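You will see subunit A twice below: alongside subunit B first, and alongside subunit C after that.
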Partner chain A sequence: MIRKHTDRTYEAELQQLRERILLMAGTVEEMIARSVRALVDGDAELARRTIEIDGKVNLLERETDELCLLILAKRQPLGSDLRFITLALKMVTDLERIGDLAVNICERAIDLSQGPRFDSFADITRMAEIAQQMVTHAIDAFVRGDADRAQQVLDRDDELDELYHHVFRQILAQMLADPSLVERGIHVQSVAKVLERIGDHGTNLAEAVVFMVNGTDIRHQGKLDSI
Partner chain B sequence: MIRKHTDRTYEAELQQLRERILLMAGTVEEMIARSVRALVDGDAELARRTIEIDGKVNLLERETDELCLLILAKRQPLGSDLRFITLALKMVTDLERIGDLAVNICERAIDLSQGPRFDSFADITRMAEIAQQMVTHAIDAFVRGDADRAQQVLDRDDELDELYHHVFRQILAQMLADPSLVERGIHVQSVAKVLERIGDHGTNLAEAVVFMVNGTDIRHQGKLDSI
Partner chain C sequence: MTMLVHEGQPTLLPRLSASRKRERVERTDGVAPKLRSRGLRAFFGKKEVLKGIDLPVAAREVTAVIGPSGCGKSTWIRCLNRMHELIADARLEGAVELDGRDVYARDVDPVLLRRRIGMVFQKPNPFPTMSIRDNVLAGLRLTGTLARVRPAEVVERALRQAALWDEVKDSLTQPGASLSGGQQQRLCIARTLAVDPEVILMDEPCSALDPIATARIEDLIHALSDRYTIVIVTHNMQQATRVSDSTAFFLMGELVEHAPTNQLFTSPKDRRTEEYITGRFG
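This part shows the complex of A and B:
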């Protein structure tokens, strides 16, 4: 399908969709960073303020869904535009879940705000940085339709998994050395697990981009000629 | 939008989509049941066979996505049909993730297949039953467009959360009484957490159905008149 470049309203709608997704991604990235800072600094107040942001993310999800439906209904796009919009629908779901996961970290940060720190906090901060970058780069790849950039995101997931296993071993050792740390240790371990899951969502986002770009290639090879 | 009832091919495509989603849901429900049976019975072989099913789920996801795209492109549906298909796209994502989570339980089942059982296995079996029913009923509500049935799913999530907290306390007590159980205990706790997350996906599925039905109502009230 060749888009009519004279149709400025349609272009504006697609641009609005891209911007909405970038805004949503920026918001959840900020939530990840704040949630882990709240954990590491033992800052329950920051955790509570970060939880409040989630309402905005949920609203953005609903608005973006509606925008996608509106474009589908009004414009009835085909080919790569159709693929872009249907993947946008899936991606906002991933972004919304990432917001929920950041809330999850905030809740653990509140539980853990009193009491001793864990040796693993440095690695957890590192995990948060990687998870956040995975989301940033996947969304960046999505709005540019850049499969190579998406592939780089996929490569980082292993790094995150390795860090998770390292943190797991570290916390286990601390718990075995001092069983009074078991309950708190499980909470710290679950934060690491949540960051690994955020990385999985980053992977999902990146895979969606690769599929979007490759899907277009397949279409060009005639596989979806019936569309 | 009033569907032309003479268009049998279109009806057949929508029916095919419903059946594909039912098949995918049935497959992941089976995976949940088997993964927990493998854990409780210490049956590593059953866990390995269950992991193999996940490839089928991934394939079903891709095929269902393609079917949705095909219907959108060929039929350019509006109103409730458009909403149905765009939500189908989101729901297959949830179902695919549930399959991944069942694989996660299988991996823990293999780790735990040798060694002592935990007191919590009865509650974990109960959690699996609830999580599985939530998925079944949410999908059932989806194909029937039944918001009341979807609401019932939402009500069950609290029950699952309570059971999770009970299991968490129980395992913590066992670990504190016998620190040699800490590592295995964390694995059992993570299975309970995974079942809680499957429940969250059931909740997402059910919320999507409520949105689909209510969205239709909103549209009738003129909010989406621009479509």
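This part shows the complex of A and C:
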């Protein structure tokens, strides 16, 4: 385990940055869970209250960015501190985007709150669980400095992608069978796509954690050779 | 003695692109280094201050040496041009090779060696009453080779290389001490360059300078690295990241890690390096 900084103010600034990211992550995790619950339960009021939370995420993004810039200017960090701060700058962007995507789900939940339920909701709920776990586990890996746990998050992205394709086919079948469901079907399909995108952001977070812990960039592995 | 016969250097070497330089740093192990210390141990009396340093210095690159006070980094560079032996009670074991030849061999003249391996010190140390011109020529005068050159040409070349010519060309007869601290340090670099060295050792060359003067010296180091092999000892890690191609981290007389600078300051391999560069020491 790496020791604490000789400069206690610096140590406190890094700790503050860690706490901000955790707070932001915890907030967007909650937004994902609430948005999907609002969708499944047809609860427009829950969806509206969840949308309001996004303002807090946006504020946290700005504050965290500002703190990163301040630390870069004051400390000129190196080594694992440099990796941590550049990672933090990327993480806040992913987390803020996840918040926006949860807002998209809430908007669809409001649209869909009137009318019959869709058969695909069970799989949508499953997708939401996986997407939320990916974010939770990536943040958990970040807190523990655990590259193996981050790697497990990356492995789950394929599962989420497969589920998305399954949901897409399921919705398509329902719309073909009953064209009156087309408008609602498109809304549900867009929610599935949003959850798949949240999984992609979870992947970004996990890749960033691997870089922070090991110093190795594992992004786009096997895809850069041809460039 | 034969090794110290001064070989003519090409007047202009092709400038290497950053990527080519990086590539060269990464394969330093496969290329014959300009300098190499082998199992170098240095002592002050019974105290061992260097405990067997094996470290190659790649040709026409900048090698930075970092480490906490007392780690042996200054002693190490002073061993490279045999300045360590000038201190009473100092002794040394192991070898330092310049182009593969041991500089501590019996037939090597240390004065001539120091022409090939020049040194710039922490505090600018021009001869205060000597004119700017004579300061530049001091090394040639010391080695008795002034008669073999055209002094005016040497002075202009060295001052231009040290990026000082434009500022002093009209005041060459003024004393060296009339210059600012940053100018004095560039004058000392010009004095080192005047004897046409192959290697330049710099022992914290910017620690007594303000940020603007520091930036000028760093710019100069970058320009000189196309033609000279440079070793710089610095306490300023950001400076090491800016000027060097590879960095060596010393701790308590031992070499902990030597790696391409980009790697050492972002993802060091050794925990002790990590703790030092992030300020988690002691």
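Basically, the second predicted complex is superposed on the first by the 209 of 227 C-alpha atoms of A that agree within 3 Å, B and C clash if a C-alpha of one lies under 4 Å from a C-alpha of the other, contacts with A are read in each partner's own complex, and residues count from 1 in each chain.
Keep in mind that, in the parts below, a contact is a pair of C-beta atoms (placed from the backbone, for glycine too) under 8 Å apart; a residue touches a chain by one contact, two chains touch by 3 or more.
Note that the coordinates shown come from a computational prediction; the quantities given were computed from them, not determined experimentally.
In the superposed model, A:Gln151 makes contact with neither subunit B nor subunit C. Legend: residue contacts after superposition of the two complexes on their common chain; A:Gln189 is shown touching subunit B, with no touch to subunit C. When the two complexes are overlaid on their common chain A, residue A:Leu82 makes contact with subunit B and with subunit C alike. Which of subunit B and subunit C touches more residues of subunit A is settled by the count: it is B.
Of the two partner chains, neither subunit B nor subunit C is touched by A:Thr136. Contacts of A:Asp7 after superposition: subunit C is touched, whereas subunit B is not reached. With both structures placed on the common chain, the touch criterion links A:Leu69 to subunit B but leaves subunit C unconnected.
Subunit A residues 76, 78-79, 82-83 lie at the interface with subunit B in one structure and with subunit C in the other.
By the touch rule above, subunit C contacts subunit A in their complex via residues 237-238, 241, 265-268, 271, 273-275, 277-282.
Of all residues in subunit B, those touching subunit A in their complex are 65, 68-70, 72-74, 76, 78-79, 82-83, 86, 89-90, 93, 168, 172, 175-176, 179, 182-183, 186, 189-190, 193, 204, 224, 226-227.
Taken in their complex, subunit A has these residues touching subunit C: 2-7, 10, 76-83, 214-216.
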